[in-house]
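Structures given as structure tokens follow.
Each of the two complexes below includes chain A, the first together with chain B, the second together with chain C.
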Partner chain A sequence: MKLITFELYKIFSKPRTYIAYGSILIIIFLIEFALKASGEEYLDFILNTFKDSFVLEGNILNGYMVSFIILQTLIIQMPLLVALVTGDLISGEASSGTIKILLTKPNSRSAIFFSKWISGELYTASIVMILGIISLLCGVLLFGIGDLMVLKSDGVEIIQSQDLIWRFGLTFCFAILGLSVVATLSMMISTYVDNSISPIILTMAIIILFTIIGTMDVPLFDFIRPYLFTTHMIIWKNMFDQQLDFLLIWKSSIVLIIHIIVFYWVGWYHFKHKDILN
Partner chain B sequence: MHTSAISVKNLYKSYGHFEALHDLSIEVPKGKITGLLGPNGAGKSTLMRCILGLIKPTTGYINILNQSLVGNKHNIFKDIGCIIEKPDFYTYLTAKKNLELLAMISKSDQAISNIQKCIDLVGLTGREKDKVKTFSHGMKQRLGIAQCLIHDPEIIILDEPTTGLDPEGIIEFRQLIIRLRDEFKKTILLSSHILSEIEFVADHIIIINKGKLISQGNIMQLLNEEDMIIHLEVDDVSRCKAIIQETFGINVKSDDLFIQFKLNKNNIPSLVNTLVQHQIKIFRLDSKRGLEELYLNITTNI
Partner chain C sequence: MKMKYYIGFILLCIAFSVDAQSPKQIVHSCVKKFELINSYKAKVHLDFDLPDINMKSRDAKVYYKKPNKFKIKSQGILFLPKQNPYESFDLLRDTNAYTAVLVNEEIVQQKKCKIILVVPTKQEDIILCKLWIEDRNQLIYKIQLTTKSNGTILADYYYGSYIKSGLPDKTIYEIEMNKFKIPKALAVDLNGKKKVKKSTGANTGTIQMLFTEYQINIPVTEI
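Presenting the complex of A and B:
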């Protein structure tokens, strides 16, 4: 517990931690302000194709809709904000030399690694929760409540407002799970390098590569796609399907948990056995 | 006879084909300052890092305070404080917060209450609330020592601790080391490439080169076994040089003013007599036991 407190204190004393929180808050306020100012025009634009087929009534641009739009926008930036901190957890200590002090205190390397991982996970959860709570709260305060209209490639789905809070809750939990994979991956890379920039760049490079493989409709990639964590990270969007596919959600959760276990084990094993030479 | 605080037996460390340590066995006596000497790349840092568990030896045994390092790191590290190469801290935190955090994970009940005492001891009183990034190298070095001491360890390991310090800082550091031995009864293992520094403070020295032990023992015993370095200032350098070479059969270096040579300390009275008999006027005679000379002899004659 003392080690976790030690790690959390360090994380929350670094300016880079607040870059993530700051950028989330700025983006939330910008989007909400922009939608408040010209939300109707934005809605007209995205609903252009359905205008002739449906009659849309009620408070369409409500707090839930705004929060849903923010989630879609920010979920792309979140891995970077996570890697910014978790990629620095071990390599940052190696580059500054503090790893030597840390490892010569009476704590096992396994305990140190675990405490860093837990602290990274808590940080990850905190940025998702801040994103979720602030966007929902501000959205509801500024735009009120109403049913959520979700645009799909094959039509529109309307989720009733009383059905939305738990769906948002489930989405945040799933986002935390998906970003935990990113956090564990960047921490694993962090054990192999002695500077804090490489884990961030490598993590983002892997996510971009996997996303490209996942979205390109090439038969060769069909075999790999189900095993990529990026394929499963975006399953949160399925929380806003009228009928939830629980089997798909469970399968994706298991794939993500397996990724976390593998990345954790590789990182832990390397950290436990690595010689501290710098 | 002192009991050993640190005992290393048959230590090997290889990186691929490169052998950084080769069958190294050393003893660090309790309550003394032990100087670890060796040229760059001799394996000093590797040895210290092996002792501190930062590097895993290929084979060999390390016993600290009568416990094997393998399987007892937790117990052992409660009794060790160290600075490896340079004192590294969380520069975005204050000096005191650094010490508080490190005390928190040092598993020592008195560590937190020792913080102010250690800050006072190293002379950082009044600066403890400043961020470490504003500290000079010398101040960081002092903070490093405070960090070593907060959990009141029995052994202090310092790897090249005076690197980057100014002469005043080196003198202060040296005084602090001696105080830690004399007042606080600490065992100190100190590596340095500044030989005179080791000579000033160490009771015991270990010399290694190319990963192998060259010599170890009490510093006075090691130095007594060697010849003295004699510096002579006389009225007739060339005649004096010839007399010394003829009488003692040794190599003598000279310039226009001085003569320098090695001589066993028991022959110094005879040297003076001989020169007086030959009516050589002696203006100055210096004799010193040099660790530098010993060190160079040992490391170059292997």
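Presenting the complex of A and C:
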């Protein structure tokens, strides 16, 4: 516990940690302001095809929809914000030389690695929670409540407002799980290098590569796609399907947990045997 | 005996005179019957079966105020037919504003209905209005409305408890819809494979409205 508190103190004493919080808040306020100013035009453009046949009643541009749009926009940038801190957890110590002092203390390397990992996870959870709470709170205050209209390329789903809080809750939990994979991956890479930038760049490169493979409709990639963690990270969107596919959600959760275990184990093994004298 | 023939003759005359009602008179008698209603409030349960739109049933409240103010209010999002159900009454109220032609007879909901085509004489948004009217009860069982701006809409009216007032217990709207398409970048399924309920055949959707607890001719301030 003392080690975790110490690691958390180190994380929160670095200015880069606050970049994530700052950028999340700026993006939330920017999107909410933009939608408040011209959200109706945005909706008109999207719902133009329906407006020929229907009159749409109800508060469509409500707090839940605004939060959903923010979540959809920010979730793509979140891995970078996570890797910015977690990629520095071990390599940062190596580059500044403090790793030698840290490892001369009586705590085992496993305990140190675990405390760093758990601190990284807490930081990851905190940015997701801040994103969720602030976007929902501001959204509901500014735009009120109502059903959520989920826009898909070939249609829309209307989720009733009483069904939304638990769906958002599940989404944030799933986002934390997905970003935990990113945090563990960057920490694993961080054990191999002695500078802070490489783990961040490598993590992002992997995510971009996997996302491209996942997005491209090439039959060759069909075989690889189910094994990529990026494929499962975006399953949060399925929380907003009228009929929840629990099997798919469980499967993706298990795949993500396996990724965390593997990345953790590789990172821990390398850290345990890391030669800090050279 | 003579009296019997006399009564029979009178009844025959009445029967012929009823049958001899012009299409315009039939339409007008339905309108007149509905004109007795100044306002109403009711509860409505809506069921949606719309291609490309996946949504659950909803409960709402419906308000009507003479001559054609009609509003459905709900706490959530509703997809409602663009044509107000009483829009056609604006046209039908003025007998000089249209030409009515009796084209056929058809059994609708086990009722013998007259099919009357109503063509506006002036330039209107409504191009054609096809009515299925049971003239004995002066009730419209079906309306097909073709408009310039919103295409064609078909409404089926089912009567029950409020038949005397000419108010339906159930209405089913069949609506022509455009294919929904938005850019993938604006949608949430960048690499999604799941599809929303697809249309089968023609792109038409239905909205069913079940009305209960009508409160007729009471002050309506909601619209």
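The rule we apply is simple: the second predicted complex is superposed on the first by the 274 of 278 C-alpha atoms of A that agree within 3 Å, B and C clash if a C-alpha of one lies under 4 Å from a C-alpha of the other, contacts with A are read in each partner's own complex, and residues count from 1 in each chain.
Criterion: a residue touches a chain if its C-beta (ideal position, glycine included) is under 8 Å from a C-beta of that chain, and two chains touch if they have at least 3 such contacts.
Everything numeric in this text was worked out from a predicted model, so none of it was measured.
Colleague: Please indicate which partner A:L103 is in contact with in the superposed arrangement: first for chain B, second for chain C, both, or neither.
Modeller: A:L103 sits against chain B, while chain C stays out of touch.
Colleague: Look at A:Y9 in the shared chain and tell me whether it touches chain B only, chain C only, both, or neither; answer first, second, both or neither.
Modeller: So A:Y9 only meets chain B here.
Colleague: Would you check which partner chain A:S161 touches, where first means chain B only, second means chain C only, and both and neither mean what they say?
Modeller: Touch partner of A:S161: chain C, not chain B.
Colleague: In the superposed model, which partner reaches more residues of chain A, chain B or chain C?
Modeller: Counted on chain A, the partner with more touching residues turns out to be C.
Colleague: Is A:M233 touching the first partner chain B, the second partner chain C, both, or neither of them?
Modeller: Once the two structures are laid over each other on A, A:M233 reaches no partner at all.
Colleague: Answer with first, second, both or neither: which of chain B and chain C does A:K152 touch in the superposed model?
Modeller: Touch status of A:K152: second partner only.
Colleague: Once the shared chain is lined up, is A:V128 touching chain B (first), chain C (second), both, or neither of them?
Modeller: neither
Colleague: Which residues of chain A touch chain B once you look at their complex with the stated criterion?
Modeller: On the chain A side, the touching residues are 2-3, 5-6, 9-10, 13-15, 96-98, 100-108, 273, 275-277.
Colleague: Of all residues in chain C, which touch chain A in the complex?
Modeller: Within the complex, chain C touches chain A at residues 51-56, 72-82, 150-151, 175-184, 186-192, 194-198, 205.
Colleague: Looking at the complex, which residues from chain B come into contact with chain A?
Modeller: Residues 49, 52-56, 73-78, 80, 82, 84-86, 88-93, 101-102, 104-107, 147.
Colleague: Okay, in this complex, where on chain A does chain C touch?
Modeller: Touch list, chain A to chain C: 46, 49-50, 52-60, 72, 146-147, 149-158, 160-161, 214-215, 231, 234, 237-238, 240-242.
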